[in-house]
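Structure, as structure tokens:
We just call them A, B, C, D and E in the order they show up, numbering each chain from 1.
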Amino acid sequence: ADTIKVGILHSLSGTMAISETSLKDVALMAIDEINAKGGVLGKKIEPVVVDPASNWPLFAEKARQLIAKDHVTAIFGCWTSVSRKSVLPVVKELNGLLYYPVQYEGEELEKNVFYTGAAPNQQAIPAVEYLMSKDGGAAKRFVLLGTDYVYPRTTNKILRAYLHSKGVKDADIKELYTPFGHADYQTIVADIKKFSAGGKTAVISTINGDSNVPFYKELGNAGLKATDVPVVAFSVGEEELRGVDTKPLIGHLAAWNYFESVKNPTNADFVKKWKAYAAAKRLPNAATAVTNDPMEATYVGIHMWAQAVEKAKSTDTDKVIAAMGGQSYKAPSGYTLVMDPTNHHLHKPVMIGEIKGDGQFSVVWKSKEAIRAQPWSPYIKGNEGKQNL
Amino acid sequence: MLQVEHLNQYYGSSHTLRGVSLAVEKGQCMALLGRNGVGKTTLLKCLMGVLPVARGTVTWNGRDITRYKPHRRAQAGIAYVPQGRDIFARLTVEENLMMGMATLPRREAARISGEVYELFPVLKEMLGRRGGDLSGGQQQQLAIARALLQRPQLIILDEPTEGIQPSIIKDIERVIRLLRERGDIGILLCEQYFDFARALADKFVVLSRGEVVASGGAHEMDGEHVRRHLAV
Amino acid sequence: MNRTSSLFSRRAWAVLAACTLAAALLPVLHLAFPDGHPLHVSGYAVGLVGKFMCYALAALALDLVWGYTGILSLGHGLFFALGAYAHGMYLMRAIGRDGSYGSVLPDFMVFLDWKDYPWYWAFTDHFWYCMLLVVLVPGLVAFVFGWFAFRSRIKGVYFSIITQALTYAAMLLFFRNDTGFGGNNGFTDFRRILGQSITAPGTRVALYLATLALLVGALLLCRWIVRSKLGRVLQGVRDAESRLMFIGYDPLAFKLFVWTLSAVLCAVAGALYVPQVGIINPSEMSPANSIEMVVWVAIGGRGTLVGPIVGAFAVNGLKSWFTAAFPDLWLFALGLLFILVTLFMRRGILGTLPAIARFLPGRRPVVATKEEAA
Amino acid sequence: MSLDMSIKPEGVDTRHGAILYLDDVTVSFDGFRALNKLTLDISVGELRCIIGPNGAGKTTMMDVITGKTRPTSGSAFFGQTFDLARMTEYEIAHAGIGRKFQRPTVFEQHTVFENLELAMKMDKRVRPTLFARLSSEQEDRIGAILRLIRLHGHEDRPAGLLSHGQKQWLEIGMLLMQEPQLILLDEPVAGMSDAETARTAELLNELRGKHSIMVVEHDMGFVAEIAQQGKVTVLHEGSVLAEGRMDDVQADDRVIEVYLGR
Amino acid sequence: MKPLFKNLLATLSLCLPLLANAALDPALLQPLAGDDPDARVAAVARIAATGGSDARQVLQALLDDALVATPAGQVLIVRDDQAIDAATGKALPVPDGADGVVVNNRLRGAVQAALSGLALLAPARDERLAAVHSLQAQDADPAQAPLLRQALARETDTDIKAQLAQLVARADLESSDPATRLAAVTALADSGDAALRPQLQAMLTEEPDAALRAAAGATLRAIDGRVARNEVIGNLFYGVSLGSVLLLAALGLAITFGLMGIINMAHGELLMIGAYTTYVCQSLFRHYLPGAADWYLVAALPAAFLVAFAVGVVLERSVIRWLYGRPLETLLATWGISLMLMQAVRTVFGAQNVEVANPAWMSGGVTVLGSLVLPYNRIAIIVFAALVVAAVWLVLNRTRLGLFVRAVMQNRRMADCVGVPTGRIDMMTFGLGSGIAGLGGVALSQLGNVGPDLGQSYIVDSFMVVVLGGVGQLAGTVLGALGLGEINKFLEPVAGAVMAKICILVVIIVFIQRRPQGLFALKGRSVE
């Protein structure tokens, strides 16, 4: 073939479209960019976009279609862990390649997958450390609030173990879960308020998707300010904040590996390119286009893949996997990210941002350097010595 | 004032009405007779516009209303008491009666005229009850009352005496006679109860298998050729 | 209506046999011819057809209660998922120590610090016991639920909505990690079934053929039922339940029978679905999934037996194609299709193919509209 | 036309001669008494006519007998042993009570033939129904009934397409297929022509003595025809106003006042 | 954090007598631009201590993200592209390379505390009241006592006085003088502030004086009692509030489904259309009428009604009118419509949520009974729901149109025969139901997401509410919604949100067993 095909497997409809659509677009932008520089191995990259429609079995079907029928050399896709889990057996069976760009709960390591999002130790744990620090408010009590599914449950399990190790008692930890799409946070907010009467409290939110807006609105209207009870979220980024009036939320936090507001030339370039791309492609709401962490992770993933293909001089899966290890890329986050050859996770910097009135984050803390992922959390028994493939 | 010419109607492939023609005049009562299943109800539905007509015309006071929707016919002055009553089951009796005045201007429709209560005293007792809760005969009475409240120029009655107690039948008979004698209204009466029909009719038609097989003035109704078409 | 005893007319038998044969031939072509050969059928296509057949079986089951008995279930996804979970339990245990933690317990249990299987996982390492569960659990759930609901004479939308509530509640329950079914990730990463690698071509073909056999078998069974006097009683339930009581039938018993049977068929579809698709998780129980099943039936033609099968294939086939061909706009096409079918194909796809419909199962003329008939 | 339908005692204990007892039955709807301490019994083989003004409670009484409405107080017995107030509709039907409704109700989507087949007397539980096959005897019976109700030739038409009167007939046919011991007919000749009414009267007279029959009608000619020398009951406001032979009842002033009119 | 505030407020109270306008020393400002968090917090304290209006201006600018530092270390206030030197107040051009001073929560807390302290003595009542509220929300602090006493002494407003007295008492709890402590504990007996509990709890064991221990116990019980009562009242309110949301979501469906029998799967999308109309109104206002931007809701209500009404009419005329009498087919068609509407919104507005802000007058809440906050937007929605229900009830039951609507829905053919133009009534009814869904959408936009999936998250609940209430029964819908809201809110604290939701669903299933036709079932023959 005179092109190299790659698959893009993000939901463009259904409940996840809200998050995944921009990943598809940024992937297309990265591909355009690489093609404009001549492609890889002298060939153009041809993206094959499919819509798995937020339907998990359909993810598996589409993955199979991409690999078996369209013969793509790599797939960039998935957001939720369950979609990844659905795709995994297919990718393994057909020896495909998946680039997964979203922070997740860990407890997984696959030869055929490269994880460009954060593992818990690259996001959740530093965030809690920050909350316990003087600048973070020296929190003594913690509300672990999440949507009731695997990612929040797992993350909270890890965090609880971590908090125990820091001497926090179970009485000072409260775990609360809400169903997907929960829209009424009155009771929860009242609960948080009550709990916070017992001492300096922080909320660690693993609320996913649509529930965030009603949660924050309730929080704002109930008068819980970030200076009283700060909330740190792991699934709220610039894209999510576009849908919220952030004025009542000023000061609440998010932990990521990248923020749009990071100041460095690479990021300035990245943001500019994205805005131009959105305008050129007439994406809806192009005027207010923002970048976020998973978009950056997607972008980095595609570029690293391209580098690896060049290095391997082949698109053969095994050769690309071999070439991926140790690839580095100067990322918009301002750090040069390295792909770990043994655990297929990126080394990533951690940043804590506070929400500003304009829907952006101001970075109030960042790690000195990129941190190696621990997909198998040491805070979970049985994981000792399992960090590598 | 109502002129029906060469009406044809089909249910799917079965030819239910075959070139039916008839005319109803002001101040006259026309009886429509025939055995079960010959197409009487079908004909009346066609006149009311509930069923589409395949061929033929329906003329009302000189206007062709063959393609009119039922509500336009009602507005033009035709009232219909269907077989099976078609009460608004969940409206109260009072609301059912108000529905009879749907075509009247808002102001005139505000009050239910006491005449209907004289004719059907039971309705007055049951004003607040839901139409569907009434007994069969009470519903029939309600349906007739509803049609009368419309102040129609033509009233189409499909077996109005069905299920009604003898004394009220006599009352209905009186009312129809009164209406007829007042002379400003036409009546099309489909009736199995032969004596009742004969007592009221000025003219009649007999349907058989969707065709008019006999017709004439009231005095001819007892004739053998009529009986023959009604016998089993 | 002809009152002979043969299930189908001769022509219908021929068509059915031809379709079955053609379907059975697909995996053979897949195995027999190498990639690139004009007669080669891709594994992807075979997998797709296998999956669609599971959907078709579920649709058939739904039609039995909806099309023939007038009971609209908005919760059949639950039975589908229960069957799938029951089989999934076996598949999880068949992973053995090949999981990430090298434990005999499934990964999610290790991770939750469970030392042992909870009681409801007992014996699930036995394939045939799980197969029994596939039938028994959904059957029992359906029976108990149906018994209460039908005894209370819950009908129409009231019934539909509580089935929806049921599946929704089950979904939330299964979402929780504590419930013991792997939370929203559900079961996945299966390795083998009855000792065979689950990805081996032979296993795949066997699963495919089993699905085909069960689908055809279910079709014949349903056809036999709806053609029996019981079938006419069911339609009586649909059209005039109270009338049926006054001539001496107990609608509760009939509804319960067909409801439970339908749930079991649906569960069998689910059980066949898991190993072929490779994952089962609670989103199968989401209300939208159950509604989609209803859509397959309606599109194909409610109250016919082949209709739901055609509908399941048509809708899912189009969906598979659209989502790849027009990833951004496919919902317009699909939505429009649903609207057009309702407006212009009153009786679904099958209803508008009278030439075929005449000799296929269960067709009968209808009174013009409900209102006319009332 | 002769149909062999002799009474088979079949579990109904009629030792005291009566097949149906209503004792002090009251039915009230939100305070309104549709039946008011109604007491009535029907003996085996009797043909009883019930008349009474619209809203007197005739249909409600049938509802009570067939289990559609539960009495607010009082009791209803079929034979000595069947307490109708405690039985479901289908149990009552199974026990041997058949009913024709005031408004014809048939299975609209089923053909005429199937309507009759469904009504046919047999074991109506699930399993027997699933495996039921029509014997040629049964087919003959259906054929006979079809002719009786003059719907032969229509047997393959969906019942929903029948005219009002035809549905009335079909319903009577279904009733006969059931071979019930007690037949309840609510206005059987409504919507029938005079000639058809006469035929129905003939039919009922034929059935007389083989079944116990209760007929509600407003057509006095018809009632006179079938009541013959038997008892006629007049209901009014939920209780019995008068009872006796047709002539006596018709002459009763109160009956004339509330029902017949002058 | 606490010790720092202590210093800060202590310093503040010392320099209160000096309140005067003095230009700020640039050296005071310099640390703000630096990196050392402790130094920055200390700087805030020192700036506040100057007490002048300049100080207030700088602190306010810090809060508003309007403080900018040049590379040279000069600190400027930049507002609307106008820069002024924070120290001197001189206007300057906005320099290149200036960078916003980063504010984190810690600094923000310090600034707010400082500003509140300053505002306690402000001339305007509102400002003082706000300051008191803001101090209430912060931790009690004995060092505040002198300042608070001073403010209390000066205060003339009784309301503020009472609240200040409570604040003083709170601050006095840790006073070293047992008599002061006792007075404080006694004074706090009518507080409902749960935040006092840990301190009082500690007093129960640590306090040497038995009388004080007893007083603390009594106060604790009083507070607990009040907290418990507030919790019940809170739950009641939350229940009504959730109920009214469910009601608004379901009301349109109560018409299109309940009355017309259309299994309207596109109902959720009509809600969504209402919400997007609100968004568009907000954008138009922001763009064309920035001054009145807070009043966009006033325009959004009729606009949403009309847009949804129009969409409803188009749907009715083009699709739904062919389906009357075939209720099950409507499910399929409206499902298709729903897919298309969702995708249309995705295409036009993007897959992401859009931002709809509460107008200022709907932000925040009113504090009742000491500690219960009732958000204004929730209150507004409860009132709104009541109004909409009343309006719908009036239209359906007190107008001729309503009579026609009910008649047509029960027996379309006969209504036609008595002269009701059924086509128009159908259109109007579906339009009305859709319009009301549009209004519901406006309300939902004030609480949660506005995105393409908005409708999907309400459709199941809406059907449950309508069915639970009894199809076609407006009163049932109202009662069903409120009942579900209340049950949910009383279950949630006990069972957690997830189990509460599961329980609710089970409650619905069980309830329908008892009442197979819903809450307000019609009885009798008319139902058949």
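One rule holds for everything that comes next: contacts are C-beta pairs under 8 Å (C-beta built on N, C-alpha and C of every residue); 3 or more make two chains touch, one makes a residue touch a chain.
Computed from a predicted model, the values in this text were never measured in an experiment.
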{"item": "Smallest number of contact steps required from chain A to reach chain B", "value": "2"}
{"item": "Of all other chains, the one whose Cα centre sits farthest from chain E", "value": "D"}
{"item": "Most distant chain from chain B, judged by the mean position of its C-alpha atoms", "value": "A"}
{"item": "Central chain (by mean CA position)", "value": "C"}
{"item": "Higher-contact pair (C-beta pairs counted), A-E versus C-D", "value": "A-E"}
{"item": "Rounded Å distance between chain A and chain D, as computed from the means of their C-alpha atoms", "value": "74"}
{"item": "Chain A-chain C separation of Cα centroids, rounded to whole Å", "value": "36"}
{"item": "Chain B and chain E, separation of their C-alpha mean positions in angstrom", "value": "61"}
{"item": "Computed distance of Cα centres, chain E from chain D, in Å", "value": "65"}
{"item": "Where chain C touches two or more other chains, by residue", "value": "172, 175-176, 242, 328, 331"}
{"item": "For chain B, residues contacting two or more additional chains", "value": "11, 133"}
{"item": "Residue list for chain A, restricted to those that touch at least two other chains", "value": "12-13, 148, 177, 179"}
{"item": "Chain E - residues contacting chain B, complex", "value": "400, 403-404, 406-407, 410-411, 413-423, 472, 522, 524-528"}
{"item": "In the complex with chain C, residue positions of chain D that touch it", "value": "66, 68, 88-91, 93-94, 98-99, 105-111, 113-114, 117-119, 124-126, 129-134, 156, 158, 160-161, 174, 178"}
{"item": "Complex contacts: residues of chain B adjacent to chain D", "value": "11, 34-37, 41, 83-84, 122, 129, 133-138, 140-141, 159, 162-171, 192-194, 230-232"}
{"item": "In the complex, chain B residues that touch chain E", "value": "48-50, 69-71, 74-75, 79-80, 82, 86-91, 95, 98-100, 102-103, 106, 109, 130-133, 146, 150"}
{"item": "Chain E partner contacts - residues on chain C that touch it in the complex", "value": "72, 148-149, 152-155, 157-158, 161-162, 164-166, 168-169, 172-173, 175-176, 242, 287-288, 291, 294-295, 298-299, 302, 328-329, 331-332, 334-339, 341-343, 346, 369-372"}
